[in-house]
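You will see chain A twice below: alongside chain B first, and alongside chain C after that.
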Partner chain A sequence: MSQSATKIRTRRRRAFTRKDIFTLSLFLGVPTFLHLFWVWIPALATIGLSFTYWNGVHLSDIKWAGLANYNTVFTASPQFYDALLNNAYWLLWFTFIATPLGVLLAYQVDRAIRGHKVYESVYYIPVVLSLAIIGIIWRFMLGPAGLVQVLLGNPGIEDAIPIFGNYSINTYVILSIASWRHIGYIMLLYLAGLKSVDASLREAAVIDGATEWQTFRKIVLPAMAPVNTIIIVITVIESLRAFDLIYILYGTSTGWPILGMLVFVNIYGQAASMLGAAYAVILFLLSIIPIVFYLRTVFKEDIK
Partner chain B sequence: MSNEVKENGVSRRTVLKGAAIGGAGLLGGGTLLSSCGSDEASGPVKFTARTNNETGLKIAQALADAYKAETGIDVTMQGSGDTNAFQDGISQYLQGTPDDAFQWMAGFRTNFRADQGLLVDLSENIANLGDQMPAGFVSGATNPSDGKQYIIPTTWYPWGLHYRKSTMKEIGLDPEGLYNLDDFMKLLEGTKKKGLIGYALGDKGGWEAMGTFSILNVRLNGYKYHIDLLNGRAKWTDQKTIDVFNQFAAMIPYMNDNVLDISWEGMRDLLLQKKCGAILMGSWWANDFKAKSQEDYDDLWIVPFPEINPEFARDTIDAPVDGVCAAANSGNPAGGAAFAEWCGSEAGMLAAQAAGDTSLYANSRLDSSGYDAFNKQKLAVIGEAKNVMNFLDRDCRNDFAGPIVGVQIQNFLKNPKDINKICEETQAAWDALPPLA
Partner chain C sequence: MSGIVKDKKYRNRQKIKDAFISSFIGLFAIVWMVPILWTFWTSLRPYDDIIQKGVFSRPDTLNLKNYADAYRLMNIWEYLSNSFIVAIPAVFLTLFFGSLLAFVVTRYSFKFNLYLLLLFTAGNLLPVQLVYAPLFKMYIWVGDLVGNRNILYDSYLGVILIHVALQVGFATFVMSSYMKTIPKEISESAMVDGASVFRHYWNVILPLLRPPLAALSVLMTTWIYNEFFWAIVLIKSDNKRPITSALGRLQGEFVTDFNLLAAGAIMAALPTLIIFFVLKRQFVSGLTLGSTKG
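Now for the complex of A and B:
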């Protein structure tokens, strides 16, 4: 017994040859280094900078500001609360409309309803475009003298219906445009997950007389737990990091403010100041807290 | 608090007027023509034109070609792409590997970057230009913090009411004689009755409507109040400021519905397509009218914004100066400086003019008697004013102009009933600004 145990131990130790250790440290070390260097060091630097006054040119001009930047953000920014609200709309819209629609589509496509191949392609096409390109497409379509305006019978600039500058509808328009891509993305992810669900499970459910909805809730959804986690995390991240679409539609005039845009304008623009860093830290906290919390609960269940 | 933009001690106005109107007369004999700058300037030059517009790029390419023909030095011209993006990224651009020379704007935007050491000192080049460069432009290009110049002024233009003579004739109105607010409101009413937009405005870019705000402020409260307001010496919560927004709101019924959906290009196109009565803007896009057809260009006219408060009459105008800067971190800063200087010389301006540039030039050798009717009118419009402004976003701190004033004017256009709240927030935002580094 003890002999064989030692044998195993020695074998295990031998399993890591010098070459293995080299390969492993290369494969683990390089990504870790890159990750620290490109993600965590800048992130920590940003947190530090958010407590300073600096215009981003000469390091010698930097001054300690304490909490002044945060104070400005919370009490004297004309756009912070609007931006927070818009990010919240984005998150709610994605969580309750876009993501469930993607899941529904995936489920229908997976059931091989008639013409599912066509639907799959149609919904997937926007995913190959970046949100920036999508912004350009929709700006052309909906903007003054755009296709949609012409079809609505307003070909001139003078009678173009205000859309992106119309604050009673632009939130819905923007979120619909963003969903156009998000739905396809979620559909694809979910479809991949559904393909891996053992077909016999569903057959068994059908034989036991479960309804479609029961099968989905009791069989498919639990079997898809890992995919669900990914989808929830993606939905939260996509909603909070939103930037490119808005930049294309409004430029830096922040006509429809979101946090990502405020970070950019205040840290990069002509008005560079560390107010942008403070916005970035707020955005960072907003993104990381729900994700860490969610991942913790999920992994806890896995460990059990 | 040091968060004030230092202003020039010299009044731009007196000198500018003399230079612009009697420019040709100032020509003294015997000055050596210094066509090219410093001796060490050699090697190919890279030049960024601050435009993505076809006409603008054509003019910039013509400058590059003419410089090559005159000096044998290769100039590679490239457009800046989206100009708002270029302006936003300027500090980063200048810290990276910028082109040697680039088109830029005089005022705070230049002076701030000069203070950071990102621009080449062009004082020597200005001196080389000698009497070609009118004193008013030299003072306009001077950085108040060190008395040096970092930009070679090339062109300038007035912000006035632009309209098409034919459109006005068709509807039987004549803005030429328009003097005060009553005349103006009648004009707006008249154009609206004919089914046109009275006062076309776009503010998608977040800066276009600053022109309207500024002119209303100087008409109602005078030049000094406006500059004080932009630099924190007057309050946004003051009734005087609120009155400016109220006056602005009174004009909204005569505007297009999609102000926040169109940019300055949309405003220009509305005028070009005869869809509106008047627009308030700088005349830089007159080039595009000319590029369309000579007929369209001849139809274009400009008058000063009307008087509102007789105390200040029409004594102030926005007339920003554009020019060429050289980047300190570029591969060939000396070459960039020499090219910038050449752009400000008579030869450079003649080259731009030949390529279809209709701007007013900042050079006294250029005979203003050769100007066309529209340019003479532009000079007359500027000539009537006693105070010359650089435009709102060049007259105050960049971290106040764009992210605060520009945003608040958009917020006002979104909801014109919110004036009091907007003014309070703007004042709070000014008060929270850090000292200007």
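Now for the complex of A and C:
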């Protein structure tokens, strides 16, 4: 009796019972099914559709187009280059201005300068707001009768000078609004990483007479290498994904075209064109690099 | 002796520098708050007051009338509840699926575990525009197949499912990183005791996952509440819209009545602001778990 019981126990430990196999397949199968059918299969379908002509209604209308859509995008769509340029501005601005500011802010807050607890919350508040709300809030600042208009001396609704429609400044305005949110996000991500840097290293550097800036450059930044990669990747992905804010500020008018919006206006609604799919694939190809970097950083140990 | 003097001097200089840095960051913190405070200020004043006397005039009346009007005219309550009808089940399902996957990939060494994690994490990072058009078609087809077009398209269920499908990767990643810090012995003793896989998950692992579950639920509720893209492409009926996409429409409709719109925007922002201030610790630790892994 006791012997057979031990036997069953050992066997159970090694192999799964039928019930266990059933449970495990459900545990893995249901989420994987959902993820594949809702994310990857549509993604692959978009890639396939980018090589076709289709208005998006009947499956039987799909016609092979080869590279025609891409040809149109690259040679006959001036908006594409405008969008690419705007995405590039977005990326450069975030990489060289917004993200470094967020990192420096995190460093100062982590050093517990006076008021750091308040600062942490204040700079983070925009991050919990939806971009739809952010768009509205900034219209109150910059639009007719907005605070900025009043400060510029145009208080009436009729005297307001257009800001979002002014092509010499709207790029800076849009990127500043986006940074209002991005800086706080980076700050909090970086703060989380900074908590894990050995404080004694920093103290030693200060005792050795290193300035604050030297300590940051020579001690903190190298110790934060993995977090730095993640922050850079997030910055790139966010720059490519940009959509919500532009939609709220410009609607589908492409007054300030970006790739995400070009996909949307070409593929959404009744007059769908697979030009949109081609734009989506270009967006995807640009995203692959940061995605691979991200995966390599976070799964480094597992891949080994 | 001179070393101490030098040290003192250095410290004093650092103190001055720190005071300077702190006031600089403080100054910008005020600038940071101006847009929100301005919107709040606008929302408290009657429309006529501003039109007659200008934006900077001293207000005769400050009250919550705009809020009452926005609540009544904009159906804010309906949109807010739509947001939660989507966000709460979506977060619940995401965490449930995520915990299942995290449990399997960290407690059993199947060969495909890593690939599964890579697949889900990569899926989470894909541009949503790549997924949109075929998914939209699929929703319509499934609807036609079961004889009810609105089963997935223009329904809460459809929006919930795409949120779950996209976010489950992040939840899995965070929970599996956390699980790696739980000693394997706990699981081994459960297996030796002959507990079934389900019991092992439900009675042993799930209670241990409480900290990441709490952190993730706060973080994901705000993410899904704030989400915009799926809300505009998958919901057609106005009375099903979540607050974020409804604001887009209200902005056009109430474009001249900005006091009302300000009140609406503040009301739409309140849930996430409250969540942030009340559950700040969970919020931050959710990001921590996700960004630095362990």
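Just so it is clear, the second predicted complex is superposed on the first by the 245 of 304 C-alpha atoms of A that agree within 3 Å, B and C clash if a C-alpha of one lies under 4 Å from a C-alpha of the other, contacts with A are read in each partner's own complex, and residues count from 1 in each chain.
We adopt the following convention: contacts are C-beta pairs under 8 Å (C-beta built on N, C-alpha and C of every residue); 3 or more make two chains touch, one makes a residue touch a chain.
From a predicted model like this one, the values you see are computed outputs, not experimental measurements.
*Asks:* In the superposed model, which partner reaches more residues of chain A, chain B or chain C?
*Replies:* C
*Asks:* Report for A:Leu201: first if it touches chain B alone, second if chain C alone, otherwise both or neither.
*Replies:* So A:Leu201 meets neither chain B nor chain C here.
*Asks:* State whether A:Gly56 touches chain B only (first), chain C only (second), both chains, or neither.
*Replies:* Both partners.
*Asks:* Could you say whether A:Tyr268 touches chain B, chain C, both of them, or neither, answering first, second, both or neither?
*Replies:* both
*Asks:* Name the contact category of A:Ile113: first (chain B only), second (chain C only), both, or neither.
*Replies:* second
*Asks:* Touch test for A:Ala277: chain B only (first), chain C only (second), both, or neither?
*Replies:* After superposing on A, A:Ala277 lies in contact with chain C but is clear of chain B.
*Asks:* Going by the contact rule set out at the top, does A:Ala192 touch chain B (first), chain C (second), both, or neither?
*Replies:* A:Ala192: touches chain C, not chain B.
*Asks:* Overlap of the chain B and chain C footprints on chain A, residue-wise?
*Replies:* 56, 157, 268, 272
*Asks:* Touching chain C in the complex: which residues of chain A?
*Replies:* For this pair, the touching residues of chain A are 8-9, 12-13, 16-17, 19-20, 23-24, 27-28, 30-32, 34-35, 37-43, 45-47, 49, 56, 105, 108, 111, 113-115, 118-119, 121-126, 128-133, 135-141, 145, 147, 150, 155, 157, 180, 188-189, 191-193, 195-196, 209, 212, 226-227, 230, 237, 240-241, 243-244, 247-248, 260, 263-264, 267-268, 272, 276-277, 279-281, 283-284, 287, 290-291, 294-295, 298-299, 302-303.
*Asks:* Give every residue of chain A touching chain B within the complex, in rising order.
*Replies:* 53-58, 61, 63, 65, 68, 71-72, 75-79, 143-144, 156-158, 160-167, 250-255, 265-266, 268-273, 275
*Asks:* Give every residue of chain B touching chain A within the complex, in rising order.
*Replies:* 82, 84-85, 87-92, 95, 109, 116-118, 197, 200, 203-207, 256-262, 266, 269-270, 273, 275-276, 397-404, 406-408, 410-411, 414-415, 422, 425-426, 428-429, 431-432, 434-435, 437
*Asks:* Any idea which chain C residues touch chain A in the complex?
*Replies:* So the residues of chain C touching chain A come out as 10, 14, 17-19, 21-22, 25-26, 29, 32-36, 38-39, 42, 50, 54-56, 97-98, 100-101, 103-104, 108, 114, 116-123, 125-135, 137-138, 161-162, 164-166, 168-169, 172-173, 191-192, 194, 196-198, 201, 222, 225-229, 232-233, 243-245, 247-248, 251, 256, 258, 261-262, 265, 268-269, 272-273, 275-277, 280, 283-284, 287-288, 291-293.
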